[in-house]
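Here the chain labels run A, B, C, D and E in written order, and each chain numbers its own residues starting at 1.
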Amino acid sequence: MHADRDRRVRRMSLLAAPGALLRRDLLIAWRRRAEVLNPLLFALMVTALFPLALGPEAGQLARIAGGVAWVTVLLASLLSLDALFRSDLEDGGLDQWLVSGRSLPLLAGARLLGHWLTTGLPLTVAAPVLASMLGLPGDAALTLLAALALGTPVVSMVGGTCAALTAAMPRAGILLALMVLPLMVPVLVFGAGAVDAALTGVSPLAALLWLAAGLALALPLAPLACAAAIRISAQ
Amino acid sequence: MRSRPGTVTVNPDLPDPAAPWIRASRLAFARGPETIFGPIDLAVEGGRVLVVEGGNGSGKTTLLRVLAGLLEPSEGTLCWLGAPREPWRPAPGELALVAHQPGLKPDLSPAEQLAFAVGLSAGRGAMPIASALAAVGLEGYEHLPVRRLSAGQRKRVTLATLLVAPANVWLLDEPYANLDRDGHALVDRLIGLQVRRGGGIVMTSHGHFAPEALPCTRIAIAGCAG
Amino acid sequence: MNALTLWFHRMGSPPTFYAFAERWRPWFLWSGLLLTVVALAWGLFFTPADYLQGDSYRIIYIHVPSAWMGQFVFAVMAVSGFVALVWRIKLAEIVSLASAPIGATFTAIALATGSLWGRPTWGTYWVWDARLTSTLILLFLYFGVIGLSRAIEDRRKAARAAALLAIVGLVNIPIIQYSVYWWNTLHQPSSVRLFRGETTIDPSMLWPLLLMAVATKLYYAWSLLGRAQAMVLEQESGKDWVRQLATADRNA
Amino acid sequence: MHADRDRRVRRMSLLAAPGALLRRDLLIAWRRRAEVLNPLLFALMVTALFPLALGPEAGQLARIAGGVAWVTVLLASLLSLDALFRSDLEDGGLDQWLVSGRSLPLLAGARLLGHWLTTGLPLTVAAPVLASMLGLPGDAALTLLAALALGTPVVSMVGGTCAALTAAMPRAGILLALMVLPLMVPVLVFGAGAVDAALTGVSPLAALLWLAAGLALALPLAPLACAAAIRISAQ
Amino acid sequence: MRSRPGTVTVNPDLPDPAAPWIRASRLAFARGPETIFGPIDLAVEGGRVLVVEGGNGSGKTTLLRVLAGLLEPSEGTLCWLGAPREPWRPAPGELALVAHQPGLKPDLSPAEQLAFAVGLSAGRGAMPIASALAAVGLEGYEHLPVRRLSAGQRKRVTLATLLVAPANVWLLDEPYANLDRDGHALVDRLIGLQVRRGGGIVMTSHGHFAPEALPCTRIAIAGCAG
């Protein structure tokens, strides 16, 4: 009994710091809630750009819809990743994380979760809209939704780790893209592949399972890697 | 157990109650080939202020960042309460750092900043946020975003974190900078508080200011001052 | 100083403007409502059904005036933004800022009614037609202006930034329109010829349409003045005349 | 004679400040010369991603090559625009521009020119590589080069003006994209249209002339708009 | 023409040689509904230091930014050499601002920073860059990137811009902050130089420091200090 309560108290206090961080990040996002819609609007706009660039023939468009949707989502995440740790590094916030003596992987995990909640989740929820703009039929649209739900957390986690590494550089935007995009190739291939499969009538389950496997791999490892990256950047 | 009244004891198994909070022996820091500060010895004792003095560029800030565990010393050993610790990483509730860049978010109010500091802290023996803000003279500014505060007001928010998130050792980098006369008295009061409860304090100074009538040890840091 | 700038300067005084808005808003509202009722009744009940589209075409009385207003309001926003930036007239800032959400709403209504209409007539909600695409881009331009103004906390600064973006946007709108036509005609010579062929419209349909166009402008004036009043009150809170207003309200 | 020399001296002193700014910007770029290649690498990488996302049918690729190249270039510029005025605003550099009493449009123009020299120019120079990656034939590749040479300065100028407006916001990345992308539609349409025309054997001259007209319009107006934006942001 | 020896005259047609460089009448600044500093009158006279005193958050920095033309006053008029100027925009060589955020680029060396400052300046009567860096005590640091300098060393780079890019009026926000004893003497010397050549100086201070033995006018700024 006693040991049990102790353990619960310890676990609570273990999660106190990341909990506070997540709450604060969401509070800041709430303060700038006008901006929460931005990744979404961006995705809509890039989706609109493609027809403008490629020509309006609808048939061609639907054929590449899965790829376009994923490229769009990747870019929207990329644009928001750049600032993920930069401001904390510059204003000394990361120093405070380190001096606090709290578990750095948990803090990093909270930050990554916050990023997904404010970027990946809205994009996932908006999947049906993207799908209808690109002329995807119902089951392909559902597949896109599932693929995004599995894939965007991976994007946040892997991208966030890279962002922690580049946080100390003043204009890392593109360097970050260079680091993140190759790492995202599997997500892109399986994500777009799942939609493609659904479009051509094949079962998208295999591709979705691969995405799930990636997620299962990233969940425990990304916070550790991210913490190590933060330590390097903070020096 | 260490028995200074009111001390914020977080580590239940303190290795040596008589030892200073931090002892550094032959501590040095180099960037590449160049030594920033030479091998020095120092002890951060409970109930005393360690004032690090030196000209611009002599390495005061660097020393503080080494003590905070943000930079790795190139030489020397660091002990916490007499026990060597390698690598030098603080545990919750041990250290607090007041630096030039205090990690304030422009969009959040002082009260919200402090709430986060409480979340990061060990959370014992702390003052409520509202009282801490009142104590640093920010009554009426609790809910303004930090973006709207002046340089000195921001400094006061940072000082308030020392009250809401108590720590055994305070590392203060130029705590008097940007503050007005009242602010100076405030810093003196805060330092007095920590001294009375037996905590340790390291502060840097250019020699203009120092806490009044408190037990101080001054060390000069030898650098190639500009 | 000619009469117009003089008027603008007098209107620049917040209490004068507030009183002006207070006096005129009901007029705009009631005349707008009246015109809407007349135009809709006329359009819905007293015009014949289209020989091709049946009754679904009647959505035109919402669709077309909204589409017109989407463009009109952007122009108002940019022009008053220009006035605000060059002559530093506070009122123009407010007009510019308050117009953005109204214009965006009209544009969104045009898009929504258009795609609802597209379903029965073209068999799809959306095609990458030139006019559709340029309306979508107009909506994005509005989003940019609104997003920018929301992201800046200081109201005056937000107004000026949004005004500048609106001006840049306005300079671009003709170019965008042209490029989109060029784009579409280059790739797709003849799928939707609806807009360009149909320049002749039956007068029995035209009149209610024109009435609706006037009604939407009245509605715009009403909504604009309301938003502007709120902004003026916010900016001037703490000034004497606002406090007097508040006490008068309480006493009433 | 005398008046002539006076005028020359005045013109020189008029250009002294923007000249110094351009020199400094290029010096900073040179210090971080590893990063100068980044927009280029980004463009190459996104170009390489498209076949992955869209599936490998080569014929389809060549048909959309112009559009893909332009979308890529636009996004590469976008990523580098975000930081264009931010650091100067945060470190007080813009205050110094304003206090100096020097012509703000000229200073803004120098900054925009610097951006083009470090982003647009490398992308333009790399056009042949992009073209060959996308399988464009010789004359279409030349058209792409010409279109990029005319279009990328417009992207820098219009995008830079928007970047000046968002400089005061800590995480404007996506908002900036929302503002810039709709304005870039004409560049995209005419740029991609020119390549398309060349591909289908039509003369791309009309599209290129439109791009040139856009450039001629932006050249005098953008520095003025950008200066106004800086004044607003610096408050 | 104004005939103080060595004055940096940039405007050839000075309206009134006897007038102060800047005169502000009933100057006030408000953010939205809230007045930051009340209507005040002040004159920045040649050969005198105007010291603006006030507690934290009283509006000193805001006043300096208004005088620098970065913020628009909500009330009042500003005159340059007796002639009203609206909007208030400095001409080259008229103003210099030393603020908390001095616009230093982390990648550039002090010498390169100053070269840019020279490019922005009116470029007359200036000191060579190397001598200016020596004068502020940064010999040996000319070619290190600013990223590697300490807080005080950065402040010194900023002070050196006053030497290489002379201006009629200096606006100094807490010029003594972050500097050591030598640094204080340096600021005093710089101010003395500007006073001797008849330039104007406005500086903010919390009352701890002030230039020694120089003609000073002190004004207190009334704000709702935190």
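Convention: a contact is a pair of C-beta atoms (placed from the backbone, for glycine too) under 8 Å apart; a residue touches a chain by one contact, two chains touch by 3 or more.
Because the structure is predicted, anything quoted here is derived from the model rather than measured.
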{"item": "Neighbouring chains common to chain C and chain E, by label", "value": "D"}
{"item": "Chain whose Cα centroid lies at the greatest distance from that of chain C", "value": "B"}
{"item": "Per Cα centroids, the chain farthest from chain A", "value": "E"}
{"item": "Higher-contact pair (C-beta pairs counted), A-C versus D-E", "value": "D-E"}
{"item": "Centre distance in Å when chain D and chain E are each reduced to the mean of their C-alpha atoms", "value": "36"}
{"item": "Interchain centroid distance [CA atoms averaged], chain A/chain D, Å", "value": "28"}
{"item": "Chain C and chain D: spacing of chain centres that average the CA atoms, whole Å", "value": "32"}
{"item": "Of all residues in chain E, the ones touching two or more other chains", "value": "31, 100"}
{"item": "Residues of chain D touching at least two other chains", "value": "32, 87, 170, 175, 178, 181-182, 185, 189, 196, 235"}
{"item": "Of all residues in chain C, the ones touching two or more other chains", "value": "137, 140, 143, 147, 151, 154, 180, 183, 187"}
{"item": "Pairs of chains satisfying the touch condition", "value": "A-B, A-C, A-D, B-E, C-D, C-E, D-E"}
{"item": "Footprint of chain A on chain D - complex, ascending", "value": "32, 35, 38-39, 41-42, 45-46, 49-50, 52-55, 60, 63-64, 66-68, 70-71, 74-76, 78-80, 82-83, 87, 170-171, 173-175, 177-178, 181-182, 185, 188-189, 192, 196"}
{"item": "Residues of chain A touching chain C in the complex", "value": "32, 34-35, 38, 41, 45, 48, 51-52, 55-58, 61, 132-133, 135"}
{"item": "Contact set on chain C toward chain D in their complex", "value": "85, 137, 140-141, 143-144, 147-148, 151-152, 154, 157, 160-161, 164-165, 167-169, 171-172, 175-176, 178-180, 182-183, 186-187"}
{"item": "Interface residues, chain B side, partner chain E - complex", "value": "31, 54-59, 61, 100, 137-138, 140-141, 148-153, 155-156, 174, 177-184, 206-208, 224-226"}
{"item": "Chain E residues touching chain D - in the complex, by the definition given at the top", "value": "65, 68-72, 89-97, 99-105, 107-108, 112, 115-121, 123, 145, 171"}
